[in-house]
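Down below are the structures I want you to see.
Presented sequentially are two complexes of chain A, the first with chain B as partner and the second with chain C.
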Partner chain A sequence: MLYREAGQFKTTYVEDMAIFPIRQDRIALAVLLGIAFIGVPLLATFHIWPFGSDYLLWAILLPFLILALAAIGTNILVGYCGQISLGSGAFMAIGAYSAYKLVTGVHIPLAWLGCAISIPPLSVLASILLGGLIAAGVGILFGIPSLRIKGLYLAVATLAAQFFFDWAFLRIPWFTNYAPSGSVNAPELNFFGLIVQSPIERYLLCLLLVTLMALLAKNLVRGNLGRQWMAIRDMDIAAELIGIRPLYAKLTAFAVSSFIIGVAGALWAFVYLGSWEPLAFSIDRSLQLLFMVIIGGLGSIMGSFVGAAFILIVPIMLNLIPAELGVPLSTETIAHFEFIIFGSLICYLLIKEPHGFARLISIGKEKLRLWPFPY
Partner chain B sequence: MRAPDTNEILLQVEAVALSFGGVRALKDVSFNIRKGEIRAIIGPNGAGKTSMLNVVNGFYHPDHGTITFKGRTRDKMQPFEAARGGIARTFQNVALFKGMSALDNIMAGRTLKVRRGLLWQVLRYGPALREELEHRHRVEEIIDFLEIEAIRKVPVGRLPYGLQKRVELGRALAMEPELLLLDEPMAGMNLEEKEDMSRFIVDVNNQYGTTIALIEHDMAVVMDLSESVAVLDHGVKIADGTPDEVKNSQAVIEAYLGVAH
Partner chain C sequence: MIALGQFLEVLIGGLMSGVLYSLVALGFVLIFKASGVFNFAQGAMVLLAGLALVRALDLLVANGFPLWAAIVLGIAFAAAIMATTAWLIERFVIGPLVNQDGLTLFMSTIGVTFVIEGAAEMIFGSDVYPLRLFPTDAWFVLEDVFPGGILVNKLDVWGALIAGILVAGLAIFFQRTKTGRALRAVADDHLAAHSVGIPIGWIWFVVWLAAGLVALVAATVWGTKLGVQFSITFLALKALPVLIIGGLTSIPGAIAGGLIVGAGEKIAEVYLGPSIGGGIEYWFAYVLALAVLLVRPQGLFGERIIERV
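What follows is the complex of A and B.
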């Protein structure tokens, strides 16, 4: 009964084109942002439940935010533009390693020319953003095959990117600054003199970046470029005949998607992991991102957040529940149960609602508008 | 009905041939479309009508022959060039973007008119927002014109067929085309829907001066709407002229009714 839009008249197209045209949704969003930006830091500073320890921040909120950002990137390519990609993990890795190289300074000796390309160490923020840009460039390169091949075949081509970069970052010592173990360490997170160190600071940094980038991504997908992407996804022939160039639409989707995923990769490495190996961005990560997008809702920015939350939190819950209930189960059994329950849950969800949580939510809203007197 | 302003020729197709493997879909077909007219292309099933439209907007490339559009002659059209040159079309079996709302479908038709690039669109502020609003205003005019205000936010996949056809016409109109190709705009419609669609076609021609070429099987509609009719049969043009001339042509009667052998 509370969820009604009766009486909310829009008198301008700007109001009509708002991200949340219904007032109740705007209030809900404001409350959510209030909790995220003010509530969580307050609770965490005073160690009030559930922030008694840093567990919730470290193990859930931080990875949730960063992977939600990566899922938004994946969603732009897979959900909005319809180009199936299994290489998201690779683009995270490119973002992470590019940012690492830039923050430690790049030196490429060009012996045959008698000179060298040297870039002095950059600031952390510049490195992260440039890392994203480099990922975007590589994304465009790997997007070129999409002009000729579609669907599963394209998925295989992006899979090649995944394996190539897994190999490159593991085997080419230049990328890891010749670290003998192959593992590299994140720099001190210095943002214009502000040093980000404690979990809550890391959380706020990611929250800020993720909120900003989600907003910008939403701007893109509801603008002309977003419509071009969706047009290519839904019917590429008709899109071409109304003057959409497949080349431009597909490559911008690859670029924007890879940029966002690259930034997410740099954050994952610098802010969450601290020190990492190429294994952190393996094919498992790509598949995880793809599942998030499919379960959350293809072609929905909000769905990316919901999908990320589901994929991350459900396994943790499944892990915690038997312990909380005092059921004596060995860790191994729990791990197996986790796979079984999680797998069947995904199957059930996809059968019930193939368009993911985002569609479930919008159906729920439509019903709520008429509740309790549906006609 | 509005008579063509001049005899200026907007599109001239000259001796176009097209084949798919052994099937010869078009055999040296020539015809023209004058600026400002409503031109009908008719013929029995499989006559090559849709192939003809596909050649005109660059979806198929003819084996030989030329296409002259707005004074420029070429061997084949490219879809993007055709769109930029001002050729829009609708499809026989609606080709809308199913996952998008009716509004977004028509807004997508404005793509060629969008000037601000990616970086502006990301910000969606100042000039970018103003441009988006201009396009929205223009699209709302089309929505009013086609009387589809009530369904603008509905995903087109959920719309009934008749309305989908109307949205598709809207998307083509959003391009502000000079030449509008309609492939069976009234297929599968009831009488009332056909009347609505006929009214839209005549109005588009009158209000915007858009030249229209349409394929249609309903002869009553064709004879009422069009100023000239080309008849195709088995990939050959068998008649061309005013509706009355075509109606009385022996070749046309034989193509439609068959001949006693």
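What follows is the complex of A and C.
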């Protein structure tokens, strides 16, 4: 009754092609964005429950936003273009380290030419975006094998990227500016004179970037490019026959996906971690992103957000619930429980609902349209 | 002569550790051949088998059993655990997912990996447990040819021997027994196999059991070398490039791929490592696999099953 589109007539093409053609969806989104942009900062400023401390902002909302962004990137490659990737962590690392190098200034001595390439330190925002671009370039490079191989074979190729960059950032001291401990510190987050420091500011910064990029991704996947990706995913030979160039479609998917993941990586390092080591972007991170995408829903931007929220909240729940029930568990047991529950959930979801939570939500919408007269 | 001696030593050491990679890769090939499932959980199964074995051994020896009895009972216990795991996986994961595409099955085995790792560590503990089934002391051979001889680890020789026996046994099992033939039939076309009366569920159980037992064997060797610990699961990841190089469907390929990776990464580490910072072992196998994928996607010995993209 509430969720019914009857009577919403579209009189122009522009209205017909809107991202959210149904009024109720627009209202829901506006409310959600309003809460995120205005409600949360207000509550947090005045320390009203549940924002009594910075815990919720720091430990849940900030990582949720950034990982959701990375999940969107992974989803574009895995969910929309059907190219499985186990190397998302590596692309996050590339984004993070490139941004770090750019923000501290790059100096490459070319001894045999007698000169050197020097780039003066760039601003933080430019570094983050350029870091994403560099990740996109590397993504294209590692996407080239996808033109000959697919499926599991491609997974191994992306695994090669993961292990190679893990090693490179650990062992090549140039990337860390010769830091003796191998860990590097984020610069001061100076955005055109505005210094982002407190959790609320960090949250707003991430929220802004994530909203913009999610909108960008949403628009891309419903446009020409996104349809090419989906055609390639569903049946590559048929797609080729109707005139889609696999080379172009696949490499753009790698590039866009790596760009978003790279930006997410730079944010993760600069805004959330503050100081980091290559371990922050290991194979575990790649698997975590893959799980977010599977659980949230392959081929769904909203699913990436749901998946990221789920993956982040389950461990916290596992920590809280036994304590509330008076059954204290050791952290080790909880970690093992987490493994078991994640694993079983993934199997269960793959068997029962291969399209993840996003599919459940759309089923719910469908039911809601008919409610209360289901016929 | 010293340089050649050192080279041989590195080569032999590499080949021997390659045998160990092959042991893990074998389990992958078995399951892939019979059910088309790319089993990410093989490394976790090695961990589970190793933990079950080493904990049972410790318990039995502490309760005053003689060593031989403890070993026999421990292996029986670990085998029983692997059989249970195989049954559970077949019944609850692979069975319901029949006829899904390879990617879904692959991701479901990632889920299985997590369950097995969590459960194994929860039940059997998560420390490093030393396992001593084979001698681990070094051996010097060919002392009259090279000054100082070539150092060979006895454990590696044992590992090679076991791998040889295992491959021979598997070959006989696949070619000569009734179950083995049924297995190959299922691998070829499971609908056709089903319609001539081959019980598919049972066959898949047998395959997972075989992979579990191979994992147990791998666990005894790896456990002796490194101690039974969580990092064993990373072996599964090392076995992926081995498979790609050898070919996904070939048992000899798994062995050859293991040898190439083992020897290649040791030689690269010793001769190239110092000039670019060391730790090449970490990624050498993957980059090698990437190169093989670009040139010969079916691997050295695999059947040509990849569709042109």
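We take it that the second predicted complex is superposed on the first by the 374 of 375 C-alpha atoms of A that agree within 3 Å, B and C clash if a C-alpha of one lies under 4 Å from a C-alpha of the other, contacts with A are read in each partner's own complex, and residues count from 1 in each chain.
Methods note: contacts are C-beta pairs under 8 Å (C-beta built on N, C-alpha and C of every residue); 3 or more make two chains touch, one makes a residue touch a chain.
From a predicted model like this one, the values you see are computed outputs, not experimental measurements.
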Ask   = When the two structures are superposed on chain A, do chain B and chain C clash or fit side by side?
value = fit
Message = According to the stated criteria, A:Glu338 is in contact with first (chain B), second (chain C), both, or neither; which is it?
response = second
Request  = Go through the superposed model and pick first if A:Leu225 touches only chain B, second if only chain C, both, or neither.
outcome  = first
Ask   = In the superposed arrangement, which partner chain does A:Leu2 touch: chain B (first), chain C (second), both, or neither?
value = neither
Key: Touching partner for A:Ile84 - first (chain B), second (chain C), both, neither   = second
Ask   = Who does A:Leu194 touch here: chain B (first), chain C (second), both, or neither?
value = neither
Query = Counting only touches as set out at the top, which of chain B and chain C does A:Leu325 meet: first, second, both, neither?
reply = neither
Key: Per-residue contact with chain A, leading partner among chain C and chain B   = C
Ask   = Looking at the overlay, does A:Leu113 come into contact with chain B only (first), chain C only (second), both, or neither?
value = neither
Message = Rounded to the nearest 10 degrees, how wide is the angle at the Cα centre of chain A between the Cα centres of chain B and chain C?
response = 80
Query = What is the minimum C-alpha distance, in Å, between chain B and chain C after the two complexes are superposed on chain A?
reply = 12
Query = For chain A, which residues count as touching chain B in their complex?
reply = 13-14, 17, 216, 219-220, 222-225, 227-228, 230-231, 233-235, 237-245, 252, 256, 299
Query = What residues on chain C touch chain A, complex-wise?
reply = 38, 92-93, 96-97, 100, 102-104, 106-108, 110-119, 121-122, 126, 237, 240-241, 244, 277-280, 282-283, 286-287, 289-290, 293-294, 297, 306-307, 309
Interface residues, chain A side, partner chain C - complex = 84, 145-153, 155-157, 159-160, 163-164, 166-167, 170-172, 236, 246, 283, 287, 290-291, 294, 332-333, 335-340, 342-347, 350-351, 354
Ask   = Can you list the residues on chain B that touch chain A in the complex?
value = 57, 59, 79-80, 82-84, 88-89, 91, 95-100, 104, 107-112, 114, 118, 121-124, 128-129, 132-133, 135-137, 140, 171-172, 175
